[in-house]
Amino acid sequence: MTQKVRLGMVGGGQGAFIGAVHRHAIGMDGQYELVAGAFSRNTENNQQTAAQLGIESQRAYASWQEMLDTEAAMPAGQRIEAITIVTPNSTHVPVAIAAAKLGFHVMCEKPLGVTTAEAKELAEVLRTSNTLFALAHTYIGYPMVWQARHMVASGVIGQVRKILVEYPQGWLTELIEGDNKQAAWRTDPKESGASGCMGDIGTHAYNLAEFVSGHNIHRLSAMLNTVVEGRHLDDDGAAFFRTEQGASGTLIASQVCAGEENAPKVRVYGDKGGLMWTHAEPNSLVHMPHGAPKRILRAGSGMPELCDAANSLCRTPGGHPEGYLEAFANLYTLFAEHIRQQPRGEGMAAPGIEAGLRGMAFIDAMLASSAADSAWIDI
Amino acid sequence: MTQKVRLGMVGGGQGAFIGAVHRHAIGMDGQYELVAGAFSRNTENNQQTAAQLGIESQRAYASWQEMLDTEAAMPAGQRIEAITIVTPNSTHVPVAIAAAKLGFHVMCEKPLGVTTAEAKELAEVLRTSNTLFALAHTYIGYPMVWQARHMVASGVIGQVRKILVEYPQGWLTELIEGDNKQAAWRTDPKESGASGCMGDIGTHAYNLAEFVSGHNIHRLSAMLNTVVEGRHLDDDGAAFFRTEQGASGTLIASQVCAGEENAPKVRVYGDKGGLMWTHAEPNSLVHMPHGAPKRILRAGSGMPELCDAANSLCRTPGGHPEGYLEAFANLYTLFAEHIRQQPRGEGMAAPGIEAGLRGMAFIDAMLASSAADSAWIDI
Amino acid sequence: MTQKVRLGMVGGGQGAFIGAVHRHAIGMDGQYELVAGAFSRNTENNQQTAAQLGIESQRAYASWQEMLDTEAAMPAGQRIEAITIVTPNSTHVPVAIAAAKLGFHVMCEKPLGVTTAEAKELAEVLRTSNTLFALAHTYIGYPMVWQARHMVASGVIGQVRKILVEYPQGWLTELIEGDNKQAAWRTDPKESGASGCMGDIGTHAYNLAEFVSGHNIHRLSAMLNTVVEGRHLDDDGAAFFRTEQGASGTLIASQVCAGEENAPKVRVYGDKGGLMWTHAEPNSLVHMPHGAPKRILRAGSGMPELCDAANSLCRTPGGHPEGYLEAFANLYTLFAEHIRQQPRGEGMAAPGIEAGLRGMAFIDAMLASSAADSAWIDI
Amino acid sequence: MTQKVRLGMVGGGQGAFIGAVHRHAIGMDGQYELVAGAFSRNTENNQQTAAQLGIESQRAYASWQEMLDTEAAMPAGQRIEAITIVTPNSTHVPVAIAAAKLGFHVMCEKPLGVTTAEAKELAEVLRTSNTLFALAHTYIGYPMVWQARHMVASGVIGQVRKILVEYPQGWLTELIEGDNKQAAWRTDPKESGASGCMGDIGTHAYNLAEFVSGHNIHRLSAMLNTVVEGRHLDDDGAAFFRTEQGASGTLIASQVCAGEENAPKVRVYGDKGGLMWTHAEPNSLVHMPHGAPKRILRAGSGMPELCDAANSLCRTPGGHPEGYLEAFANLYTLFAEHIRQQPRGEGMAAPGIEAGLRGMAFIDAMLASSAADSAWIDI
C-alpha cells in the first residue's frame, strides 16, 4: 500500500491566493497528506486555516521554524517528509535552507528568492543534502508544454531560430497595492526583491521559453518600466535575447496591459515550422509546418503524435478541459514520485534548483541591462 | 474542526475512465475522505485499486452489497456516510435504493438508470428516507453555466424564445465496442438501457438546456439513428422541442461526428439578446445583447456582472483555466455542504432526483417519437 | 482584347442593400461593364443611381420591360448581353423569363421565385432558349466551400453519414418591418413568397449542405415558427433530413437569434473524418480526420491539399482575408466565363436553374411538413 | 454625372502579385477607369496585360516615362489624371517625382522609397505641386483600425501607456529568392533599399502603431537579424520604442516565422483599458475595459459605438466579412474623393507623404540602432 507523502505548508493562511491553489493541487491525485502547517503569523488565522483543512491543532505551528524543529523531532513514520513554501519571495530561501538541512524535501513557489547570493547558498546546501527541491513553475505542469518541448527536441520544426514569448497581465493597471494584499508584497522590494514584474511573471516567460525551445538564453537587452506612478518596482518590460544555440527572440512581460487576464504565450520557429502554445487554450498546441496546414494537437486525445510525457500528464480524454490546477497537481505528483523514488520516466521532473538559479540570473540581467540603457548583458 | 465526509465508491476499478475522474474531483477541495470501495468484481483489481488509493484492504469489498451491509454495521463515527456510484447505468438504481434504505447519501453517475419504472422506485425510496441524492451532471458544475442561468433568470436577455443545444462526439465512429470497455457497455442495452447516445450524452444536452433556460421542455419530435452497422443502440439523433413557457428549440446529440471530441454547446436567445456557452471554452460565457457588441464574461474575473453562484464555484482568478475536474469537484463539494447541512446559498445544489427523472422521461420520449416517425410526444 | 460583358441591372436603386453588393462584385474582376439599368420605379432614384454609376441617362430605364425591349432593339455590339436581377423575390421569375426570351443571359438573386409553378415555367423557357442562368447563392462563391466539396467528393472523410447545417441571424428579433425596407418585403408574402426565413436563408443552408456533401436531400421533417408577434411569415425553423445517398442531418435557420449576425455554418461527417466551414471565418476549412489532429486548410495558401477550384477562386495569398464581396465576384466571374464560352474547368459554374428548383422544392416541403405536425415529406 | 478618375498604372504586369491586387481594388467602387499602363518592360507581357484589362494597345506604354510624357500631351478630358505605382521600391520616388511634376496625382506602394534623401526630394516636389499623393498602407484601409484610432482618441481606454505591435510572416523561411520573383526583389538591396523585413513589413507595423495610438514613436532600440544564410538583407527583427507622448512599446516583424501567414496585430493599452486588432480577424475590434468584460466591436454592425469613419468604410452589414481587397479599395476611394475634392470627412484620407517620410526615418533608425548594438536612437 502506497503511503501518501506527509506534507507541511509554510504560508497559505486564509485570504492568501496561492496557498489555496496549492492545496487543491495537492489533493487532486491523492499523493499527499497535508498534516502540518505554519500558515500565518496571525494565530487565529493559522488555527482556523488548520481547522478548516482538518489538520490537528497542535500541528498548526506559530512559525515555520517551530514547525521544522518540532516535526524533525517526531518519529520517522509520523513527521512530515516534505514542505511546500507558498510565502512571498523573501522567505523562500531561508525556509528552504533550514528545511533542507533538517532533511525535508522542498516544493517552493517561484521566483527562487530575492538575491542571487542567497539562491546560490541554497544551491550549495542542496548539493550536500539528500533532499529534493522543486520550483512551482506552473506552466511546466501543462501536458502540451511538454509536447511542444518534445516536438522541438525531436526535430519536428527543424533548427530553432526564433522564440517569441509574452506574458501580458492587466491587474496592476492602477496603484492598488494599498488595498490589495497580493499587489502589496509583489510591489514591495523587501518582500519581492529588486524586480516586480520580471520577478513575478518575467521569470515564468523566461522559463517557458527555455523549457520549450531547449535553448539557453545567454545574452539579453532589456527595457524595464515602472508605468504606474508611485509604484516601487518595475511593472512592465521587454527584452531581446540570444541563445547559446544561435536563436534570437523577444520576451514581453507586463502587469499594466489593462484588460488582459493572464495569458502567457510562447511561439518557437525553426526552419521547418513553428509551434504556438498559449495559456488561454492550454489543452491545444498549434503546430505550423512550413508549407502545410496548421495542425491542432490536443491533450488527452491519445493520438500517436503525442509524446509519453504529454500523455502521462493528462487525467482525462481530449475534450475534457484540464487547467491551471491540474498543471499544479502535475508538478506535485512528479515531485512525489521522485520522493518515492519512482519517477515515471527519463527527465520527468518538476523544475528544480537549476531553473531557479537561471531565473535569478535572468532578473539580474534584466535589471542591469535596463539600467545601462538596454546594453546587451550576459546572463 | 470540520470533518471530511467519509465516502465509499461503487465501481471505478483500475482501467475504468470515470472512476478516476471522480477521485480527482473528490480530492480537490478536501471535503471527502475515500475510505471504502467495491471497485471491481475482479478481486485483484479491487484490492490493487484500494492499495493504490491508500484504502485499507478490509474496506475493499467484494461487492457493493457487502460494502453497504458491512459499513452500515460499523460505528457512526467510522462508517461511510455516503457512496458514489460510478458503474454502468444498469446498476445505478439498485445500488442507490439499497444505499438510501441503509441511510447512506448517494452521488450517482448519470443517466439515473435504465428504466423510468426503476427511477420512480428510487424516487419513492428517497422521498421517505433521510438521505440526499445527487446526479453527476458534470456540466452543471461549471461556473459559467450558473452565470448563464442567472442572466436568463434575471431577464438580461428578455423572454426566452429559442434554445439550441448540441453535443457532438466522434469516438463511436467505428464499431469499437469489441475492444473498448467504455464503448462496450454504453452500446449494450442490458447495461446502458434502451438508448445509447441519448442516454449517454443526450441527457446532458437536455439537462443543460433546461438548467440554463429555466424552461421545461414538455414536447418533442425526434429522429434517432444507429449509424454504425452492427451497433445495438442509437448513436446519433436530434429533436425539435417546445417548452411549457413558450420557447422552441433544437437538440442534437451524436457519437459519430468523426473528429469531434466532446464539446456540448448551448445557446439561448430571448427578445433582448442571446447567450452562448460551450465546453470547448468553459471559462467564458458569450453574451450577445441585441443591438450592442458581444461581451465575453469570464469565470473568476470578479467583475460585478458575475453572480454569487458563478463566483463561488471558481477557485482561481480569471485567466487561470478551470475545467472538467473542477466542475466535477464543484458537484461533490455542493453535495458535501448539503450533507453537512451548510449549503452555500439558495438553490445551490448538485442536480438531484428530479433532474434524473426528467432525464429518463426525455429518453423515453425520444425513443417513442423516433419510433413513431418523428411524431410530437409529450415528455 | 477581351470585351467586358455589357450588363443591365434590374433593381438596386439607392437605398437598396443587395444592389450595391452586386455592383462592388461586378467591378472587382473587370469582367463586366454596367451600362444600363432599371434601378427603381422612382424616377429620381433611378436617374441618380445611374448618374452615380456613370451610366448614360437614356439607359436608365423607367421599367425592366422598357430596358429589355429597348436594349433588344439595339445593335449587337452595343446592347446589353446579360441582366442581373436584384429585386424582391416576386419579380425574379417574370423578369428572367422575359429576358431569356429576348436572348439575354440572367444572373438572379435567390430564392428563384415565389412559387414552384413559376419556377418550372422559367426552367422550361431556359431549356429552349440559348441563354445562361445563374443564381446568386453567395456562399458557393467561397473557395473553401469548393475545397470542402472537393474533399468530400474525393473520399477524404470517407462515406458521408451526417450533415449539420445552421444559419442563425438576429436582425428580425423585433417587429421592424414597419421601418426597415429590407425587413418589409422579406416578411410580406406578396413579395417574398409563402415562406420568410426558409426562403431567405433556409435555402442558403439547404444549398450549402447539398453542395458540400454532394448528397441530395430527399426527405425532411420540419418545424417552422413565427416567433415575433404580428409577423406574417415564418422567422425561425429547423428540419431533420435524409439524403438519397443514406446520410441524415439537421438544418437550423432563424432570424430571431438575437445578437447573431450572419454566420452560416456547415459540418459534414463521414466514416473517416469531418469537415467544418463557417462564414465567420470563411478563409479557413477545418478538417477533422478521425484519430488524427485537426488541420486548418487556408484559402490562398497554395498548399498541395488545395484543389484547383479553391485555388482559382482566390485573388490573394493566404493571410489576406477575402470575404463576401469576393465570393459574389467569383459567381459573377464564373458566369462571365460561361458567357464568353471560356469556363475555367469542369463543373466550375455558378449555381443555376437546377439549384433554384431544388430550393423551391425545399421551401414547399418545409411548409408542408410543418403544417402537418412535422410529418416526413418527400422533396 | 460623376466622372471616373482616369488612371495609369506603373508596374503590375502578368505574374506580379500586388498589381492585380490594386486592380481588384480599383474596380470595386467604380471610382476609377484604368485607361493606361506601363505594366512591364517586357513588351509581350505589357501588351498582354493591357489586352486582358481592356486597355487600348497604344496606351500600353513601353516605359513609365513614355506614359507620363505621352499622356501629359493629351487633351485634359482624355489624359490620365493619376497614376498608381506598383513597382519595387527603388522606382517609387523617381516615378512619383516625374508624375507630380507633370501634374498627375500619385498612389504609391510602400515603403516610400529606398533612401530618406530621395524621399525628402519627393516631399519637396509635392510641396510645390498641385498634386495629391497617397501611400498604400493597406492596413489603414480597414474600418476597425479607424475605430481603434477613434476610441483611443476619444479617451475610451484612457491615457495610452503601452503599444505592442507585431507582424510575423513565414514565407522567407527558406532562401527562395532565386526562384521567387516577389522574394527576389525584396531581398535585393538595389531594388528594396537598405532593409528587407523592416522596409517591407516593419513599416506597416510602425505605421499601424502610430495610426491607432495617435502617438509619435520618437526613440527606439532595435535588433535586426538576417536569419537565413545567404540572404542579403534583414529578414527578422524587433524594437523597443518610446513615444513623445510618454508611452513605450515593442515592435516585432519577421519573415522567418515558419508556418505564419500574414497577421499583423496591434494592441494598445491605456489606464482604463486596452484594444486589440489583428488582421487575422479584421472585421472585429476587441475592447478590453479595465474591470469589465471584453467587448467585440464589429464592422458593419451599425452599433452606436462605431465611429463615422468606421461606418463609412464598410460596404456590407455585420457578418459579411470584408477583407484585404476592401481595405485597399478604401484607400483608393478615399484618394478619388480627394482628387474630386469631395472628401467624406475631416481627416478621412489615405496615408500620405508624411507617413512615407516617417516610415523612411523608422527604417533608418532601425538599421542604425541595430548596427550600434541596440543603442537607443532618435527617429
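Each chain carries a letter (A, B, C and D) given by its place in the written order, and its residues are counted from 1.
Convention: contacts are C-beta pairs under 8 Å (C-beta built on N, C-alpha and C of every residue); 3 or more make two chains touch, one makes a residue touch a chain.
None of the values given here were measured: they were computed from a predicted structure.
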item: Each chain counted as touching subunit A and subunit B at once; value: C, D
item: Shared chain contacts [subunit C and subunit D, defined touch]; value: A, B
item: From subunit C, the most remote chain by mean C-alpha position; value: A
item: Where subunit A and subunit D are represented by their mean Cα positions, the distance between them in whole Å; value: 43
item: Approximate Å spacing (C-alpha centroids) for the pair subunit B, subunit D; value: 54
item: Two or more partner chains touched - positions in subunit D; value: 260, 287, 294, 298, 301
item: Partner subunit D, residues of subunit A touching it in the complex; value: 157-158, 161-162, 164, 166, 168, 170, 173-174, 221, 223, 225, 227, 236, 238, 240, 248, 250, 252, 254, 256-260, 267, 269-274, 287-290, 294, 373-376
item: Complex contact set, residues of subunit D against subunit B; value: 287, 291-298, 301, 303, 305
item: Touch list for subunit B against partner subunit A, complex; value: 1-4, 17, 20-21, 23-24, 27-30, 51-54, 57, 169, 171, 260-263, 279-283, 298, 301, 315-326
